[in-house]
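Chain nomenclature is as follows: A, B, C, D, E and F, assigned in order of appearance, with residue numbering initiated at 1 for each chain independently.
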């Protein structure tokens, strides 16, 4: 069987996730590798960390597809003195091509936000906000209303485990029905969420000030907030990307091994003192 | 007994936390009130939320001292249609003066970082970094070395409880001795922490990308990271500020009632699925 | 009779003066107050000065509508130590809502420039310049030509008195027929005025350099300049705004008392040595 | 008698008004002419208008010294289609050198502000504000206190006449003793004036908003404002510059004719309706 | 015969080279002169140097038309102490109007790039790149393919001589057929040249880094580079401009003398050590 | 014999060419490689082109030291689709470390400008300009005066050959004695050269406009200009760098093979029509 040149895999990826739909500040596409090199084993991961690259190397992968860019900020050196340089060096020395689909995968359909909407079991899903003809985020409805706690407990069963768990702002027993989602860091979308009438907003990486200001604007009511973890909310997309890529390349008489990385690249290793329920008596 | 005019309380606060030591982007000092109004009851809180203002009102406070600015971004309206406007309106209608000590309290000695260093039980404490003659953050040593888990378990007992608990990146059984601390969001100080030789860095509000990049640069080793919560790490300072203010005003023949707000202004209400220990088998 | 909620007055004002027609740098709309508070007495003024707010308070007004923003530059404090803070505090303590219609009222029709064109007795009035579909300034013709002095003497009879009077650049006995007007500070429109073929340009707040450069470009000829005072040229609009608002709210079964503020908010109190005619023999 | 080369006059002017004391945005020094051309007749004026250049030409001047720059904004054409180009063309065709001393003359001692302080009859004169070692503005005291009206009436007798006269904000019968002065447009110095404790601030070209805001900050009290006219307050300096230049060149065996331009370059020709006293009954 | 006013010559030039087709940073049009002055002798040159102005003066020219702006950067002085000032002074003293057609002449058709395409003997000429509806550069084909050396030797015979000659990057014996041209400095168009499929790119003023990077991207292949000199490639246009202007003014019963300046304004006077062929054995 | 780790070579280079003396926009230091890799063969070149890297690879070099940065602009991809990516990939695949000393080598003593001054046979050499304590460029004197042609002919014998030769602006038979030099592109130093009183300025990569403007300011006189080629003027430094590095590492009991690259990285391959002397009769 003829090995597939990287050129054709890249072409398929660019049809699935057109680079011109990425945000202007983003850096997507091929980061390392040669378009003529053969590809027989593809790994998918959220972050191109050194451990992920090592896993790919050990498994003999020749293409690593990640969601997060390795070189979002331009580099002026690839010496191994920096982690970025060490990563570039490891990729090239091991002939592993790296391809990134980031904000173009966020907005694609199916894409990152669809995968999260699906994990939330939403129906009647639509874009949360349409900017310049591109739909960002998703909003949809639960088949039947749930309490906030029930909704998050469900979500917890379908997301990969990260030690921080899922943080929730809002009353556990309030009923929710309409859900807005943005995979990864979603603090740019609070205005759109408020305008959408969502009962709850599922996203990640919310800091103290934006989260508290959103709760203040809500005056204790909706939209409630669910911070489900940056890595966890985006990891869901890897399966989607894998199956879409295989479908796109089907019928070419090629054989492509794929692997979805299960290394947790959420940076936290353990948590002390988290509380399933708030028993401090305090309210924000 | 003659009531104390706000003017004198403000003068005392500006001696404790000189406004010109605040960062250039910060907005500290008197936010509402009249310098001639009498002050007899002072509340201390991390955030001037609507709930905090209501607690102060119900208790008859005439001065609220907070760490976080209410109006960090300038406002063009104080109508109650926005939460900021509703807060300003509530303060003025209830004759509550608001005073903010933020980055000037971070760098003061004793200040926010000292309170956190003390909670960590550090000795031989020094500034983490000196910029333009002002010491930022603190670094010190534990009296005897502890495992990372032991160290964080201790910290957990002295911090106020927030539902997210304390997130830790690093091996639980590694020994740590030298500790860097920055109360609140400390992601501007990673270079200084690396240069300091700290075994562990205690701060808060770390997002996925800076935390993961810091772990990648550390190649799995030190400095380990402890995210102890934005509200929790700064709340420690309120007791310090209260006692410093009382000391500064002592001997003036005045009587000042004080209260340290115990409302949790950390925005999160409950957590689902946090893990005391990492049993995913994954490593970053 | 049911009192009118502020919400409905605001809605009427936003139909008359749509906020999205304001300049991008401008800050219009509701500055203080609660949309649910009842409105029974409305004051209209050019500037929300402390004296104007005090007049409104003494008269029992619950809504003050002004042309100039109180908070054009964002504020980070409303303590009474600054005049802006004292104004905000006085408004809130006295439950007076403040609503601003500024550059959106300039371009509205009828609006500020229409009121000035009408005071100049212009016919066949059109926008001076159309930018992005919005007409700025006005240009029209006198019913019959007048000398420059006659024209300004007429204008003087219909404008409110300010101590500086009306300054004129051009020969008193030259005939004028075609008149461009921009209420308030109009030094951004010199190019449009020159292109319009106006004989005279009526505006306000012209400083030495732009006025002298405009006279140099004119080489002593047209367009002549009339600086009729910032406050005076904009005050004319208050009557228009009052009657438009009453018309907009008519038929709602409500009773609204209105008052047009007659306090002069032009800052000048007296003038020494002004000359009705130039007898210096000098020419620019 | 040997004619004086322009080079030597320029050298004397640069000793009197060092170019490096000008503001960074300013454009001072030689604007037209050749350093080797002989100079026998020098004209002094505030503004290099076409009328001023024509007066200089008619009188046979070969050097024109002005306070205001001709080319503050850089020009890309000197065609006569623009007034600036016509001025440059007239200067060169008539072999008139133009030299500008602007903000360097403002801060010089003796300079523009000294001339205004002297016209105000101030004693014990000091800089109003020292920035980077350079004194800006002046502050001093009257020999004996005067009412505000008396003070301005005196000033009116020593300033050249401009048709707008002198505008005053403050009560006519209030006594004043301490006076701050800034020749020309002085709206950058309100903070320094407030800090100086001045009773009255004499400057020029104040627009509605800065003047009204300054009066609001003063809450009706001091510092009062006197707008004495841009051209008038700076014209006073011409005599000082003329005598200083003659002194600087004395003893070189040269003969230099000088002339202080009396053309009014204030752009206004007449005023309608100015009021010596405020009889509107309004207060700001 | 009635002399032609400058106004009419300018009108004709603006029809040939509309100013609004110039680049936004460019400064084209009338630089000196009066629209009413008569024009009977016109000189054309690439650069308005002092020597060119002197040649025009000596010949009695009253209009100089150049490609390069005299005042691309705005000037704040026209004193003769700077070369720019000396040039302006010489133009005005000698009543020589200066008119500039620069980037508007580059894109005009016929214009600068057409003249260069014609010198290269190209057929089927089209714009190299169309931006905002304006065609920049040209691309066309040779009637029959030539070696790179033959092509440049031909070009050398039709360009005016400059001492640096024509520099070529590429193998002398490679065949070329498709040629892109941009008169003057063309380093902004490398991407368009690569996209066009040109075998060779004729332009000028290429520095080490952009030329070397272009050769690296080409990996030694096409597009080859020809640097034919800034002055030489633009001088070709002068004849075109002269004949177009005469055609535009024909039939007006006027007589216009024209002269194409032959002074070389390329700054270099001689060259030591240039090599017709590379015999260093090196390759880039 | 123990191989030398890269770490020690880098340390020696940073003593010779301290990175903090580089310009703020520059990017110097280690670009690829691992500090622990052994170094036994070092190549020196001006530019890290693909051909240079290939030469280094073929010779078994493990360290390439160049003057020009490979990644002056940050890269977001090292895929081989771009020349920069192909270069990075070739370096890493072949385990060649790349080290850059650029503007820090320009200002070092001995450094790039010293090597050029030495090639010009200058004596009494001093910095041309001292900025922030760092000397830029060099100025010195010839042992005896030469004609401009004689001076350049001498220079031609000591510079490596580039096909463009050396371009000269100025009269061939004028005598020169005082010489300013800046290796590489020196168009930022014209003011310093004029202030230095140099008769001739030797630098490279001068474009039409700056060179012509410099000649206009000189009004045909000194300083004359010599453009000796970017690559050629900087290549001289390679021998200096090589011997300095060997001296710095002497006595460590190590053996280091070195090679100075003789591939010409000047991008031009041949020249048609250059003229040893100007016989066009034109003058600029």
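One rule holds for everything that comes next: a contact is a pair of C-beta atoms (placed from the backbone, for glycine too) under 8 Å apart; a residue touches a chain by one contact, two chains touch by 3 or more.
Everything numeric in this text was worked out from a predicted model, so none of it was measured.
Colleague: Taking contact as defined at the start, I'd like the list of chains shared as neighbours by chain A and chain F.
Modeller: Touching chain A and chain F alike: no chains returned.
Colleague: Moving only to chains each one touches, count the minimum steps from chain B until you reach chain E.
Modeller: So the least number of steps between the two chains is 3.
Colleague: State the pair with the higher C-beta contact count; candidates are D-E and A-B.
Modeller: Of D-E and A-B, it is A-B that has more C-beta pairs in contact.
Colleague: Could you put a whole-Å number on the gap between the CA centroids of chain A and chain D?
Modeller: From the centre of chain A to the centre of chain D is 65 Å.
Colleague: With chain centres taken as the means of their Cα atoms, state the distance from chain C to chain D in Å.
Modeller: A distance of 31 Å separates the two centres.
Colleague: Measure off the straight-line distance from the CA centroid of chain B to the CA centroid of chain F, and report it in whole Å.
Modeller: About 53 Å separates the centre of chain B from that of chain F.
Colleague: Which chain A residues sit where two or more other chains touch them?
Modeller: Chain A, residues with two or more chain partners: not present.
Colleague: Touch graph of the chains shown: is it line, ring, star, complete or other?
Modeller: Topology of the interface graph: a ring, with each chain touching two neighbours.
Colleague: So in the complex, the part of chain B that touches chain C is made up of which residues?
Modeller: 27, 29-35, 69, 71-81, 85, 88-89, 92-93, 97
Colleague: Per the contact definition, I'd like the list of chain D residues that touch chain C in the complex.
Modeller: Spelled out, the residues of chain D in touch with chain C are 47, 49-51, 68, 82-83, 87, 149, 152-153, 155-156, 160-161, 163-172, 184-185, 204-209, 211-217, 219, 225, 227, 230-231, 262-278, 280, 282-284.
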